[in-house]
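The structure appears right after this line, and notes come after that.
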Amino acid sequence: MRSGLTTVPLDVAAMFAAIAAPGCGAMAAFVGAVRDHDDGREVVAIDYSAYESMAAKSLEQIAGETAAAAPQLRVLLRHRLGRLAVGEASIAIVAASPRRDAALAAIRTALERVKSEAPIWKREIYADGGERWREDEPLAPA
Amino acid sequence: MRSGLTTVPLDVAAMFAAIAAPGCGAMAAFVGAVRDHDDGREVVAIDYSAYESMAAKSLEQIAGETAAAAPQLRVLLRHRLGRLAVGEASIAIVAASPRRDAALAAIRTALERVKSEAPIWKREIYADGGERWREDEPLAPA
Amino acid sequence: MRLLAFASAVEALGTPSREWQLPDELSVGDLRLQLAKEFPAMAPLLARLAIAVDGTLATTTTLVRDGAEVALLPPVSGG
Amino acid sequence: MRLLAFASAVEALGTPSREWQLPDELSVGDLRLQLAKEFPAMAPLLARLAIAVDGTLATTTTLVRDGAEVALLPPVSGG
């Protein structure tokens, strides 16, 4: 399994299995899911879209560079696109390492980088019928 | 699903499902698995044992107190006992929160507390036929 | 060049993708000025837009060749 | 009282669990002295052992009543 984009539901167990290694006793995961509210408005779904070719490269680069930060650290990072209902996962990041600190730091680092470096956008769909692009972070160079 | 001890394989996906909530967009997990080596010796399995009544209470208390640290934070924490082969998970901690920082901090906090507060021991079984209790952390009051 | 727009830039450009013929090779800085002229709805967005040329984030001095893929990228919100 | 041992304390006590009759209610501090006397194999471990009384970590002054469950707890290694 490679880091990148997908339109099907994210499977954290499969991602853990893909990075498990006999020398890695520590595994960490972060999963971002659609919340039912934002800024006080009730959210019913989010449409995720991306500049797909660039975002795919960006996710692979972030996973690769994050993994390179510590010996034997393994990182896998997948982002889902399309319309997601409340509770569905939009992003899953998993890391495996001989050391728990490295695994925990990796998921945080990768998440922060995705949020500013990957050309991915969400459009929130509200219960009141409104919709809105969220454009939060100026795109940063990798 | 409650925090505590189990003798059957840990299921992170089921634990995520158990703490998911429509208001919680951030979920984090830590999984500790049996490594194939320790201090340069090849490990083939680990026997986990516990002072079960006290450890069960301790895990529930750690999960509850960790969750109380932030609004809407939910934490579930399960430790497996018995003989585990290399790669099998001994502990799984999951957290869900409206905020990613709270979810990530929770799994780290709960993990550190388990390692010093829960009366649980591992006995490493080595490839060379030897065995050894690991007695690493003086038991700390909750 | 091929012009790609994303998120709120799609509405400003009126389409997610279009060909755009410009006389010469030009810098991304000059391209921004041309965009504001040709697509007035884009003008208020421009200060917030990042621009990628052939899939790589560009600076003001990056050159845009004929046939390049130029992407207009509002602030992002993945994760 | 019921004496429970875990990890390396099992070998030192010779069993994971046994009844142990002591004349009177005593403090955990005094209990440690009695343990060293009655189970010499336990003596070298005692400085590293935590002791729980009825499932709660005890201090030197905690009183051990007749019928209490007293657990001998080496440094732990869960996780």
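By letter and in written order, the chains are A, B, C and D; residue numbering begins at 1 in each of them.
Please note the rule applied: a contact is a pair of C-beta atoms (placed from the backbone, for glycine too) under 8 Å apart; a residue touches a chain by one contact, two chains touch by 3 or more.
Note that the structure is predicted; figures quoted are calculated from it, not measured.
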(message) Just to be sure I understand the contacts, which chains border both chain D and chain A?
(response) B
(message) Which chain has its C-alpha centroid farthest away from the centroid of chain A?
(response) D
(message) Suppose each chain is reduced to the average of its Cα coordinates; what separation in Å results between chain A and chain B?
(response) 24
(request) Take the average of all CA coordinates in chain C, do the same for chain D, and state the distance between these two points in whole angstrom. (result) 74
(message) As a quick test, compute the distance in whole Å between the mean CA positions of chain B and chain C.
(response) 49
(message) Which positions in chain A are in touch with at least two other chains?
(response) 32, 111
(message) Counting only residues that touch at least two other chains, what does the list for chain C look like?
(response) none
(request) Report the residues of chain A in contact with chain B in the complex, numbered from low to high. (result) 12-13, 16, 20, 22-37, 86-87, 98, 100, 103-104, 107-108, 111
(request) Report the residues of chain A in contact with chain C in the complex, numbered from low to high. (result) 32, 48-51, 53-55, 57, 79, 90-91, 111, 114-116, 118-123, 133-139, 141-142
(request) Please name which positions on chain D make contact with chain B in the complex. (result) 4, 6-8, 48, 50, 52, 55-57, 71, 73-79
